[in-house]
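A single structure is presented below for examination.
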Amino acid sequence: MRSGYFTALAVAVLLGSGMLVFAKPPAGSGSITGKVTYTGTPPKMKPIDMSKEPSCAKQHATPVMTQNVTTGPGNALQWVVVYISAGDEGSSAPSQGARYDQKGCEYLPHVLPMQVAQQLQIYNDDQTSHNIHPLSKTNPEWNKSQPPGSPPIDTKYDKAEFIPVKCNIHPWMHGYFAVLNTSHYAVSGEDGSFDIKGLPPGKYTVTAWQEQYPAQSQEVTISGSEAKTANFVFKVLPY
Amino acid sequence: MSESDITLKSGRADWLGGELPYAIPSKKLGMWLFIVSDSITFGAVLVCYAYLRLASPNWPTPFRLSSIVNGAIMTFVLLSSSVTMVAAVEAAKHGRIAASVRWLSATMLGGVVFDILHIREWLGLIHEGLRLYQNPWGSSLFGAAFFTLTGLHMTHVTVGVIYLGIVAIGFRRGKFTSDDVEISGLYWHFVDLVWMFVFPLVYLLSARMH
Amino acid sequence: MHDTSDQAAVHHHAPPKGFLWTHVFSLDHKVIGKQYYFLSLAAVVIGMVLSWIMRFHLAWAAAAIPGLQHLSQVGAPGGIITPEYYLSLLTLHGTLMVFFVLTTAPQAGFGNYFLPIQIGAEDMAFPRLNMLSFWVTFVGFVTLVSTLFISDGPPISGWTAYAPLSALGNDAGPGLGRGQILWVISIGIFCIGSLLGALNFIATTLDLRCKGMTLARMPYTVWAWFITAVLGLLAFAVLLPACVLLVLDHVGGTSFFIPGGLVLSDKLQPHSGGSTLLWQHMFWFFGHPEVYIAIIPGIGITSHILASTARKPLLGGSRVLVGCMVAIAFLSFTVWGHHMFISGMNPFSSLLFSVPTLIITIPASIISLNWIATVFGARLRFHTPGLFAIGFISVFVTGGLSGFFLAQPSLDIYLHATYFVVGHFHMVMGVAAIFGMFAGTYFWFPKMFGRMMNETMGKIHFWVTFIGVYCIFMPMHYIGLAGNVRRYSAFVDDYLIPLIPVHKFITIAAFVTGAAQLLFLFNLFWSMYRGKKAEENPWDSTTLEWTIPSPPPFDNFGGRHPIVYHDPYELGVEGAKGDYVMQDSPEKLAQS
Amino acid sequence: MGKFFAIVLTVITLVSASIFAMHIWWMPVDISVHGPALDKQFGETLMGTGFGFLVAQLSLAYFLWKFADKGDGRKVREFPGGPKVTIITAVVLVGLEILALSFVGQKAWASVNLDPAPPNAMHIDVQAEQFAFYFRYAGPDGQFGAVHPEKISDGNGNYFGLDPENDIPARDDIVVGSLTIPVNQPILLTIHSKDVGHSFYVRELRIQQDFVPGIVIPVHFTATQTGKFEIVCTQLCGLGHYNMKAYLEVLPQDQFDQWLKAQAGQ
């Protein structure tokens, strides 16, 4: 099993480098950058009591907080997926897989963007069993456990969807798979900033998606190797 | 040693074997045992019905007078079919095969009429919005319990009609004896009896009161 | 004389021709009995292998079992068992063992083969129904085992399938969708098979006894099978509709066992109004009599063999034994609530249920004391079936005594759902019933297959098994006392981690005991072809099965109509040829 | 063979019984007010059954030793007194045991399950879910907010489905993942489940009670010792059953008050 996995990885690396040499895709050099912020009073994030899983609890000096509305300095809003929702269909999935980690009974990253049909590898880095239960609606739903020491789960999604992911064993573990139809996307960082690179010239709809509040869209047109700016403001509520 | 010599140590007269101890042939005993077991099954479902009904604050009572009248007609038909069944068994015992088959056919007709009236009733309720999982009147369990209980009984009536048909044909052809007619009668009376529990519990207790 | 045409019709089926009709769709009770026996044997082998995997995982939770990933890639990625796969194995182990082994082999297997012979009949009352019950049961078995190979895997809700876990589908966990539905259907089918079988057993016992076979002269085994059949006829009739309702909750959108406002996997469930306790009541109304369905045939077989081993009838004879079995059977329908002391039902009813539960120990104690007192003054012949019958007494007493604790609601607060319970029911219902089956196998094998089983292998099998089961199940009582919760796939709690060495001991004991079972399997099949040819009556026993050739001819008595003159256990008789008098021997006994 | 059997059976019996007698694996020290009655009941049951176990197994062993067939044509003997002795023994001994246990046990059971909680009991709401326990304190206003199943979300930490936007008593409810209680104070738990059946089991408290979906069940107890104990689930609830647990922390009253204040301030 393990050796099979390495073989697959080696083949993927070879193919990937081969594509770099022989079939470099016509990547654009336009970009869209910006910042995601909020107005209003955000809800208080709550501390998570991990005491039932001591091997995880001891990895965190201060309690881990819930992440459904993660804010930063300057009204920054983190974990917002900004992506091209129209104008960039049909690009094939990258050969490199997306990696999702379970570490210290947290999902790393909290929101994982990936492209339709892109390989997804899920690792358990903890000393405890996790079960990965993506609550997909348009894609088939599955629910698999991953005991410590077992091989990574290797899968992919065939339809675009924002999929909540939960671990039933540790009910506080909550994350999202953002399965997108585009290869151009970014997730806002602690300061709320994002940067979508490599866009060929064209007319795009840029959408910002947040797990709790309604998504927002803007039209952006890029000509040549322009660097455009698009900012998003989410209205948040205390409860 | 002759048979009369056989005695128990206790001196009781012995059991001569081969003879049927309770004057019940195996087939009839088998049917009685089936009835015992099946009445436990019905009993369990009826207890379930009562349990859920008592536990639900919003148990609906949707049956209008027309439903009750329909149910009363169904009851009458089923009871009448029990009478014709008695006649069929009586005729069979006296060797009047043709008469017995006629009475059996009348019994089957009663069963079929019962089924038709019952299905008509079901369709009416379904039209009003009654489903296995919901209804417009109250606890969603009403539909579940109603269809399960009456459906179980209807299945028994339907199976009974088929069973009587097989017995009637076999009896006419001489394949079955009058005992077989009597045994099928046991089943039919049992199904009839069960309805005497289902009808008051499900219909009369759920009549709309105004 | 009454009309006997009916019976004549039953019995005059001629020996069938062709493999299909002699071995597959045979109407002969002896073939059907063997079919049941081998079905149980298949089930017990699967169930035992599952328990090995479980035991290995409990002792070494992090270790991989090489090759297991080929059985289930999802359940055991890289050979490491996932928590849900452990629960799947647990569910299948429990279901297979309770339904397809404990309920099937001693009753439907041995009962089918020997009940008609022991009452001097040529076949069961309804041979066609008999064949039907076997094939229905077989379909149930295949349905259950098929869950191992579907993509969802087997259900994870245990053999008790408590709702709403078992009623909510995949939202509640893996295997609870299709796997659970197949499980319920399998049990429903099994109920039908058992009901038909029970009906047949009762009718046969009442109607087909030969001349002279009064009720008082029926062997202990016949009584046990008869009482068990009555229990089955009543108990399975309740489980069957419960299964139907559970299937409806899955596929019909009903909410019999599902209350409103449940949130699973972040989804509000579209159900309302049902009662989860209703399932528990229906299940245990069946489930407690089921415990006695599993053990009463074992009690009968043990008594039957013990008499032959000890060369004397049971102390108190049929009257006391049968009285006690009837009392147990009757009381078994009044005690189901003792499985539910802490389930949230009215605490007053817990007190009410505890009283008949404690009272049921009286007839059980009388039977046990009578067995032990029967050994007093006996002339014990320690052949393998005798060893297993005596072993049965020991494990039955041990397992039964822990029931005193669990019968009291106040002690159940602490002990409920711990390994104390696991130790208790494995000892009294699992091990004891299996000892009954082993005893029956060694005892009747010569009659069934015409050859003797190897005694040396049999004795090794007995000693390893007897010591082994104590090494496996006594420690379970101890760790249960320390609060070790059952149905855990791994022990991660602070107070459970120090108990893992005990689990390692249990696991090693289980492997050693398991190895002895492989020896038994080898002995069974080897002896079938290579064993010493068996005589008509190798154990100097007295009941009717020992008056006919080994193996018996198609119609059992070769056209002869046996006449019974004596009580079934005229053993240790002074002045008789040998020390016993056959039931059908016209020889008069000296009045004692 | 009979002598060998007798030796094996004797050894098994004595080893089994002495491990019980030596308390190698035993119940943890009780920390509840009602516990000593249960422990006493357990001790009495153990004495009774232990006596039965030793007498039954050892006499079986003795008979096996003594009554093997030696092929000497010895007569079989009946047990002196016949079945009357065994029946009377069983009825009297077991019957007495049953009477004693039922009367004592009924009291112990009643103190846990039939008597209502004392009026000054501190009320804590408990919800079980796959696979965790959550505990709710009423907060400064002494009132619990209503539970709305449709609002339950593990993702934003709203484990109880509270609606602080519209429901003012819900705003100060304290929701935590561990049960912290003051010592020597009667506690009333109202336990309910969000999804399937679970069970609340604390060995040291001698408490085990199922969570039944659709029903709220009261549980009351008083802890008499401070310390940290484990709460585990004992009702099969799904794949994470083995890992469903929480901690019970019993604190002196002043420390508890501090803790509660700190929680309310968050």
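Quick notes on this structure:
We call the chains A, B, C and D, going by the order they appear; numbering starts again at 1 in every chain.
Going forward, contacts are C-beta pairs under 8 Å (C-beta built on N, C-alpha and C of every residue); 3 or more make two chains touch, one makes a residue touch a chain.
Note that the structure is predicted; figures quoted are calculated from it, not measured.
With C-D and B-C as the two chain pairs, more C-beta contacts join C-D. Averaging Cα coordinates per chain places chain C and chain D 29 Å apart. Separation between the centroids of chain B and chain C, computed from CA atoms only, is 33 Å. Centroids of chain A and chain D (each the mean of its C-alpha atoms) stand 45 Å apart. Rounded to a whole number, the gap between the C-alpha centres of chain B and chain D is 47 angstrom. Each of the following residues of chain D touches two or more other chains: 129-130, 154-155, 238-240, 243, 245. Listed for chain A are residues 128-129, 131, 145, 164, 166, 168-169, each touching two or more other chains.
For chain C, residues touching at least two other chains, in rising order: 82-84, 173-174, 266, 274-275, 490, 492. Chain pairs that touch one another are A-C, A-D, B-C, C-D. By the touch criterion given at the top, residues 61-62, 64, 69, 74, 77-78, 80-85, 170, 173-174, 265-267, 490, 492 of chain C touch chain A in their complex. Here chain A touches chain D in the complex through residues 43, 45-53, 66, 68-69, 128-129, 131, 145, 164, 166, 168-172, 174, 211-212, 237, 239, going by the rule given at the top. Residues of chain D touching chain C in their complex: 1-2, 5, 8-9, 12, 16, 19-20, 24-28, 37-38, 41-42, 45-46, 48-49, 52-53, 56-57, 59-60, 63-64, 67-70, 74-79, 82-83, 85-87, 89-91, 93-95, 97-98, 101-102, 105-106, 108-109, 112-114, 129-130, 149-150, 152-155, 161, 194-197, 199, 201, 203, 206-215, 217, 230, 232-243, 245.
On the chain A side of its complex with chain C, the touching residues are 1-2, 128-129, 131, 133, 135, 141, 143-151, 153, 164, 166, 168-169. Those residues of chain C that touch chain D in the shared complex are 82-84, 87, 156-158, 162, 164-165, 168, 172-174, 258-264, 266, 268, 274-277, 310-312, 315-317, 320, 342-344, 347-348, 350-351, 354-355, 358-359, 361-362, 365-366, 368-370, 372-382, 387, 390, 393-394, 397-398, 401-402, 404-405, 408-411, 413-414, 416-418, 463, 466-467, 470, 474, 477-479, 481-483, 485-495, 499, 502, 571-572, 574.
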